[in-house]
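The chains carry the letters A, B and C, assigned in the order they are written, with residues numbered from 1 in each.
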């Protein structure tokens, strides 16, 4: 249910006030003059990025930001990993996003007796584990980029206590610039999120606690093939 | 809601703060942590100084094009299915948001941190129409329970330790068996808030960046509550200070990296959410309605003025973390919504109606550490000096007369010498009493240096040097 | 070379020994000293308090004195405090433009170009030979305070460190060495509790460092810290960098 008018308030009055304030120009600071105008915004290229080894950079950074990284040659090598996880963490209920890799992992989980459901909010809230794929990954920051359209929603990587993400090496891009430009073109999704670690807070005495609202752990399966 | 700026003077507030040893220890630990992480991370971005210079230029350009960019953002938000509200005043923003709340019959409202919403007292407005407002940022929850204002831009409850948090949580349902252990307290908050997120009708958040060319809003968070507030309730309202826009996706990239590096020194925060529009068919979650409230609330008065550059601020908190004054007094002593160096500039501008807002720029020793730390190069020291000059006409008559006399005496070499020889300046410094206004205050915590019997000039002219 | 001395009002009144030491050091390094008679104050206290007109009134007098010294043949002006040197070099042009005296602003820029803070000057032009010593077991353990104006306005960081190293001091590291001491001019009397808390922070760090003396290029900072330390019953010996160099000439 949406209202008919999608704009409220007086745009012209609001913006005219700004125009009037800017009409006389902006006072110059002679003590600390402005640098020259920027024609091309410089690309942030972190020093840790090895442009010839995006998977290696990604794995190192994802580990650095607190995610567990598992590198495998092909998707079926994930099976023992999932089996171990189910047993060690007592996973009984999982939700999977709509990504093909996530659904494949879901089928593996069912074999281990996990109750696997497609993504719906209430099921995600009840689940021990959310399995997703990724749209792309950012090597320089170790980030997983999830887009809501291909995933069929956002909350598989948000509500369950644990998150497993399957991502292929060829999905990696080098920098946040590359990722943001990808987002610019991703018009189908209502939401894109860069996930760079588990949920965390340092809000009580600056002591780091993970799993405040989002997942406590994030396991990334980085598939070569 | 009464502001601390109405109640007490800056001196009174700082005095209270400085006497709290526990606060000062907490502050020192927190700010040192943030600052050292920032120092470690910035060089990893490449040529950090070049990036900061570029960021200053970029923000300057954005501000001169603000009307055009806000229009473009509003158009693109609507094209992508969102709704916008132009709110010049707090009343306009609150009327709109409470209107949305009433229309949808909102009983529970979950909020992710928004300093702009603190400016307009949004929570009170929503409670007045019968909505239960739950702050979901762990630190915002803590200060909500304590009925306080934030004391740091990115770590609002930095002044509270685990025992204090435990005492705030214990009276809540299920809180009676809690121990003052951070993991337990966080876990309690998680369980409690989880229910609120799932039941909430309305989610409210701030906006770190509005991207004009993409009609998108960016939220930078770590806990996950930001994603919850903007994905679970049926309706999401984002409150954005109007200056928080960028023109292009490329500009977003630069400022996002500098924001995170400067605030916490992280690689990126756990969640960088880019909100493009309401839920699409085939998506299992996401709001049906997306609203963006563009808030002026005094910012337009700053635009184009001598204080213009303060609008470049991206709210990273780096200036707080390096400020030697903030370190001793914490955020509440500044009295306003914003604290630290940026708060010392913004408070008289945004909260100027309050009794003791104009003097907040005096909460600085002008050491310039903030300027060195600011990722967008805001010349904070210059702005503080400008505000002090603005305050001159309203300074007490005795102060103005004092400076006038000083200037008349010290602009004449012979009178300068006579004044120091006669000890007019020297006498209060010899501790015989407060002849000059400063003498007594200096003597409160410090010994009073004795002026030399003979000045350097005396000795030089006597041929002794 | 012929050098004009910018004494600074605070050294003139409260620490003339530091100024005397500076003259001794500069002469021993081979320079001829001239002290412009009409200098009073750079105007900084009023400038920081927002009283620009009053600051300009006083600064104009000192500008005339320093200007005059250059006209009379001084190749350089040497300033005995970082904050006053910063006031002249960084802020005077802005101050004079603000009060509408463009001609004074231009003259200020010319003076600023010839002005050096003492340790800056010594680092570029050489220390007296007699002052040079190696650091050894007998070296005084010194905590050097980077005053805000030196560090952030003038960007003079390595020069005083190099001077102290060259005269045989052992510089001890201390955690708060570049944090503001809390003086800030009228700040120290507007918010005295905060100001002394800032001083206490530095003093604690100095105590922990094991330094014997606190050294700086700014008398105002040194006086603020030493008068706080004395009040708290834990006095800290302080010396202006000029005094440290002068004393090392006697070793």
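Going forward, contacts are C-beta pairs under 8 Å (C-beta built on N, C-alpha and C of every residue); 3 or more make two chains touch, one makes a residue touch a chain.
The model shown is predicted, which means the values in this text are computed figures rather than measured ones.
A count of C-beta contacts for the chain pairs A-C and B-C puts B-C on top. Centroid distances built from C-alpha atoms place A farthest away from subunit C.
Subunit A and subunit B, compared by their mean Cα positions, are separated by 28 Å. Taking each chain's centre as the average of its CA atoms, subunit A and subunit C sit 52 Å apart. Spacing of subunit B relative to subunit C, judged by their CA centroids, is 34 angstrom. For subunit A, the set of residues touching two or more other chains reads 31.
Annotation for subunit C: no residues touch 2 or more other chains.
Looking at subunit B, residues 371 sit in touch with two or more other chains.
Taken together, the subunit B residues at the contact with subunit A in this complex read 26, 29-30, 33, 43-46, 50-51, 53-54, 56-58, 60-61, 63-64, 66-67, 70-71, 74, 78, 82-88, 92, 96, 103, 136-139, 142, 155, 157-158, 160-162, 165, 182-183, 185-187, 189-190, 193-194, 197-198, 213-214, 216, 222-225, 227-228, 230-232, 242, 248-254, 256-257, 264, 266-280, 282-286, 288-289, 294, 296, 300-301, 303-306, 308-309, 371, 377, 379, 382.
In the complex of the two chains, the subunit A residues touching subunit B come out as 1-3, 5-11, 13-19, 21-27, 29, 31-32, 34-38, 41-48, 61, 64-65, 98, 118-122, 125, 141-143, 148-149, 152-155, 158, 175-177, 180-181, 183-184, 186-207, 209, 211-215.
Within the complex formed with subunit A, the residues of subunit C that make contact are 90-91, 93-94, 97. Of all residues in subunit A, only 30-31 touch subunit C in the complex they form.
Of all residues in subunit C, those touching subunit B in their complex are 7, 9, 11-17, 19-20, 23, 35, 37-41, 46-55, 57-58, 60-61, 65, 148, 152-153, 179-180, 182-199, 201, 223-224, 226-228, 230-231.
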